[in-house]
Amino acid sequence: MSLLQVEGLGIDFGGLRAVNDVSFSLKAGEIVSVIGPNGAGKTTLFNMISGVYLPGRGRILLAGEDVTGLGPHLLAERGLSRTFQNLQIFQTMTVLENVTVGHHLHERGSILADLLGLPGSRLRSQASEAGARELLKRVGLAQAAERTAGSLSYGALKRLEIARALALQPRVLLLDEPAAGCNAVETEEIDHLIAEVAAEGVSILLVEHDMKMVMRISNHIVVLDHGEKIAEGEPAAVARNPRVIEAYLGAQAVEAADVDG
Amino acid sequence: MAEFMQFLLSGVTVGAVYALVALGFTIIYNASDVVNFAQGEFVMLGGMITVFSYQAGIPLPLAAILAILVTAAIGVALNKLAIEPARGAPVVSLIIITIGASIFIRGLTQIAFDKQLHRFPAFSGDTPIAIGGATILPQSLWVVAGALMVFIGLWLFFTKTLTGRAVLATANNRIAAQLVGINTRYIMTLSFALSAAIGALAGVLVTPITLTSYDVGISLALKGFAAAMLGGMGNPKGALVGGLLLGVLEAMTAGYISSQYKDAAAFIVILAVLFAMPQGIFGRKVTDRV
Amino acid sequence: MTMKLSSKTTTLLVLTLVVVALPFLFPSSYYFRVGSLIFVNGLAVTGLVILTGYAGQISLGHAGFVGIGGYSCALAPLHIGLHPALAVILGAVLSALVAWLVGRPILRLKGYYLAVASLGLGALVAMVLANEAGLTGGPDGIAVADLGLRPLLKSLGLDMSNPVFWYAFTGLIMLIGAWLALNLFHSPTGRALRALHGSEVAARTVGVDVAKYKLRAFVISAVYASVAGSLLALQNKFITPDVAGYMHSIELVTMAVLGGAGSVVGAILGAAILTTLPQVLTVFQEYEQLVLGLIMMLVMIFMRDGLLPSLARLIRGRGE
Amino acid sequence: MLTVEGLRSRYGRIEVLHGIDLEVGSGEIVTVVGANGAGKTTLLRCLSGIQPVSSGSIVFRGESLNSVPAYRRPARGLAQSPEGRQIFTNLSVEENLRLGAFLFSDDKVERDMEEAFVMFPVLREKRNLAAGGLSGGQQQMLAIARALMARPSCLLLDEPSMGLAPILVAQIFEVVKGLRALNVTVLLVEQNAFGALSIADRGYVMETGRITMSGPAKDLIADERIREAYLGI
Amino acid sequence: DIRIGATVSETGPASFLGDPEAKTLKLLVDEINAAGGVLGEKLELVIYDDGGDPNKARTFATRLVEDDEVTAVIGGTTTGTSMAIIPVAEDAEIPFISLAGAIEIVDPVKPYTFKTPHTDRMACAKIFDDMKKKGFTKIGMISGSDGFGASMHKQCLAIVGDYGIEVVADETYGPSDADMTPQLTNIKNTSGVQAILNPGFGQGPAIVTRNYAQLAVGLPLYQSHGVASNGFIDLAGASAAEGIRLPGTALLVADLLPENDPQRAVVAAYKKSFETATGKPVSTFGGYAHDALRILVDAINRAGKADPAAIREAIEQTKGLVGTTGTVTMTADDHLGLDLTAFRMLEIRDGSWKIVD
């Protein structure tokens, strides 16, 4: 059974059909990539799935449950987590705290305990912090743990977001251009990380313009253009699809990918 | 009917006063996201300086112009001496600076002038004009005309001129503004000068109606602020409509419901409007993509 | 290696030390009065730190809750015969209730819109207090019953003069308030609040129920303000609607920002400065306002993040 | 054209550029590559003047820029497409472009804008919409187009290909190459080091605030260390 | 030296009142010292500005009593500040003379608390007396919602029935309102209204008067003692203010007082010295401070020593002291010591005051 299922999803902004009638599904441990030209509606699709936008049409099923219209925090409770194309960092908090907040759902106790500083509250904090440190190590930011997040470079912040999203221990992880601002070597590191996470059974929905990465790690690719799904399938098949090449990849890129492939 | 007309005229009179103050907020806000809590003091200075120049024998029109110029200069000084040196400070810190400035200006005025109430003659006499069985003072028409003029001026400035757009750009993203060659310091100075001048003009126009003294600024600023937020901060249209709406609302409540709770009614309506329109009536919704 | 105290414990120890040690420097009991005012304001501002500093929500109407707390102590003993100590609790419950009821819609607003809405809320409270003269005594205020704690202490053999008693009592409550707020900072709730301050969307996607947490911060800060108002009323034995007015709200926010919004000690420092300043500035006579405005501007110009963070930076800078 | 010597810069008390020496000749395309946090963005910010320089000199067309405020630099011919795009989100796309040409009021502004629309047709579609509503890649296009509106003689590009679809990445590199013909000097910071080095004349490698290697782009592409560290080959 | 303390509202919403009070106190203390002081000692005045904030007033009162160790306190410009000072003075057993209007300050009598201004109730009584004489039975009220207006409003309502008068329209306005035509329209349209009373101070009454002229209400308009200063006529405009009646003190009509009026010399002297020193016209409120200091000095002289308890005793025995507000005679259960004769009904005619009773 698919973990995440999207059926006929759509939304309009003013007169613009930003996303229209998009359907696909995602199984446990699978990596599905959504690609498409700039403005195709990939981020908007993410925003609907993660509850940031209310879908105008269609349904979203998470593990069989209809979660259309639920707010992001309710989806988070059901195991859905994401990163952002336009960084959403808690600027004034430390790097460690940024990730610790990711454990929010696992550390909830009574607010009274928090106010009174009861041992329970402290223990929960410590557990979250320990988890957060682990994750920072995983994304290569262990050194920066005590720094203010606002002082990191762009690429570091991208990785910080991934760590924070992982802290939720999600079943479904949405990554919006995780490798943007990272060079080829750094991108490969992220590759490995994603593959590792998927291997642990987490389903991953990925938006990324780095075709090498997409081709390398995706099990399945969905292609959007002007809000509509124009193609779908195995990476190799999608890469050869003329519509995809024309709208998105361009002839050169295909050559380059072929060379490396 | 005559009754309704009278309430309406009263509302328009008061509303135009609020609108003028609210319009004064827009420029500095648009240039820096700072709500200048000293805006009321600019209004007060406009009135007070005119009063004292007039008492010193300067003809009223000249006294008014002098007041506007001096207040604009004070606005520039405020920017140069207090806002600019704090460059890079968080917006709240800048707001506290403007609160400090308003206390300072008030303190200065009470020493330089006095603590008495003052007024100067209305521009076109005190003979009421009858409209539909109700009356309005000629000075109210001056205030309304002033508010309309300032509104049109600001509207043209922000939509038709490159400088106006540079002002918006400065608040939206100061770094980017510098990158395209905008002298953001100059924009700030200009904004303070214009805001102060508009404030002072308001003071000149309203003093024959509301009277003035060193401490009228606080309540004017408060009402102007509320009006601006009701209409949508930063939008001249919002300031005008917000001001008039607030004025009419108060007058209607005072007339038909209870004069004691007219301010309360105004705030309740503001709350209700904001619940339905979190950006005020004309405020633009900021789109921040994630 | 030496035992390292957590920064929270150090902060509390220093605060307590200051509260306890200061009286040895006091030449007259008037200083106890000023001290207790600092503590009362410090308590209210600590509540604001939770709302504004932690959660990033502006309130220009917090004095409304001060008013609710204060008037509870004035009216409940008078009209329903409640003991003043219980009236403090009644006030806190009432404030929490009001905050809880109006908090949700108000806190959907952002920035200046939130500021103006909260300002309206505070203004409404002040208006009711001033207008319902039959119940509240109107704009001229109303007398407040005695708390009765001092006589009780006296019967237990602890005889304190009025200002000394209030110094100790408000000091204790402020310390408790600071302790709670500091606990909150590094707790899961505190982190959630600071997170939604940084980015609401991101906070929501990690599972923070933003509306709920904002509301919690609002309610907690309302209770702080309310208790501060009660203490003020009980101490002054008299209260007027001015305590609920927007001037007072702005004063509270100014204290928080001046000291360094976001830090409890900063807020208390801000309260201390803005409370003492008018007392010190009396030497300037009619120039008082002028100097007060000037000092506020200078502090914010040269210490843009507020006194405490700037001082801390200065000290750390020296250390290196 | 642009000479940087011993450039140091800091955030607060932490120095992140420890003496950068760099030179860009007239009409040259020079690229800077380096890992996350190396200081590339900081370097560009110093050049455009929005980041204070603690020591060292920046000489542009024979004149020192050190004491020239940021807003005067576009008039000297320096324009930047910054990291994070920094567009005016509340203003329309067209207003963003017009502000890019803030210093000019001649007819050429309209023609430049037309060119920008030809280069990025989406921007024409969205010209009256608030720039904040654009997709990430569309915003990136706007940032580049806005920088070009300033008619720079030297263009500073901070990761221009970030967030762009492959087809556009190729196009951007073409555009940059095309600038050589217009005698526009380009300093290009890129994570797509392969692409950047392919079109550049020369390149610099930056590591934790220092230049550790430099040379003709061809040589760098061929260098084993670079292939391993930055190109992932 | 004999140290006396004062806390008044030199700034803030009541600065209109507090400013002349502060000036008067400073001026008179200088005059007294120039004339040799009291009991051969110089008077030392410690004065603070409480900005009209009761909380601050209480702090300053504490400071005066505890830190400055004054022998008596004058002040409390408003009822609110006065009420906040009372517990401090009573606790410390220091005589306190308030400058505020409300009757609560001296009723019930507290041992150490006194006051100089007429109570609001007396002002109401004076006005209703006049209305009754003119045969009015139905009136409209428009009151300021600040402390002054609200307090007088309350007192007036409490006694209006005693005069066979009914308040048929009752409106208010805020202290910084700019237009009161809606309220006045409503009063005007209430059937049977024969006169209008406007308790308030500051700009409100001036605006009410102007709106009243604008609407051509045409009914007799009564103002309160809150506007009893020459400035009011200028602010309202002489033609709009024509015919207004209000209860005022002798101070306002110093020049019009009959030769044999006992207050004539006192008010003339105060008026002269205040106006030469400050260049501003005298106001009733400065007069309150004048009287407070006179009562205090008189009491110290009679007590023969600057001892708080003795001074308190002496103040309570003040007899026939002529001040600007009236002739003061205190007793153990009257800590005000004025009666209605101190008020004079004044009318504005041709831009100046006339005594009409």
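We just call them A, B, C, D and E in the order they show up, numbering each chain from 1.
Rule of thumb we're sticking to: contacts are C-beta pairs under 8 Å (C-beta built on N, C-alpha and C of every residue); 3 or more make two chains touch, one makes a residue touch a chain.
Chain-to-protein mapping (UniProt): A, D = ABC transporter ATP-binding protein; B = ABC transporter permease; C = Branched-chain amino acid ABC transporter permease.
This structure is a prediction, so every number in the text was calculated from the model and none was measured.
Touching chain A and chain B at once are the following chains: C, D. Set against the Cα centre of chain C, the chain with the most distant centre is D. The chain pair with the larger count of C-beta pairs in contact, out of A-C and B-D, is A-C. Chain B and chain D have Cα centroids lying 42 Å from one another. Each chain gets one centre point, the mean of its Cα atoms, and the points for chain B and chain E are 35 Å apart.
Taking each chain's centre as the average of its CA atoms, chain A and chain E sit 73 Å apart. Centre-to-centre spacing of chain B and chain C amounts to 31 Å, using the average Cα coordinate of each chain.
Counting partner chains per residue, chain E shows two or more touched chains at residues 10-11, 145.
Multi-chain contact residues of chain B (touching two or more other chains) are listed as 110, 260, 263, 288-290.
Contact of a single residue of chain C with at least two other chains is seen at positions 131, 201, 286, 288-289. Contact residues of chain A toward chain C in the complex are 50-52, 71-73, 75-77, 81-82, 84, 88-93, 97-98, 100-102, 104-105, 107-109, 111, 113-117, 121-122, 124-125, 128, 164-165, 167-168.
Those residues of chain B lying in contact with chain E across their complex are 3, 6-7, 9-10, 13-14, 17, 110, 114-119, 126, 128, 135, 137, 206, 209-211, 213, 215-216, 219-220, 251-252, 254-255, 259-260, 262-263. Chain A contributes residues 13, 36-40, 42-44, 85-86, 151-156, 159, 177, 180-188, 209, 211, 247-250, 252-253 to its touches with chain D in the complex.
On the chain B side of its complex with chain D, the touching residues are 162, 165-166, 168-169, 172-173, 175-184, 284, 286-289. Note for the complex: chain C touches chain A at residues 179-180, 183-184, 186-192, 194-195, 197-199, 201-210, 216, 220, 262.
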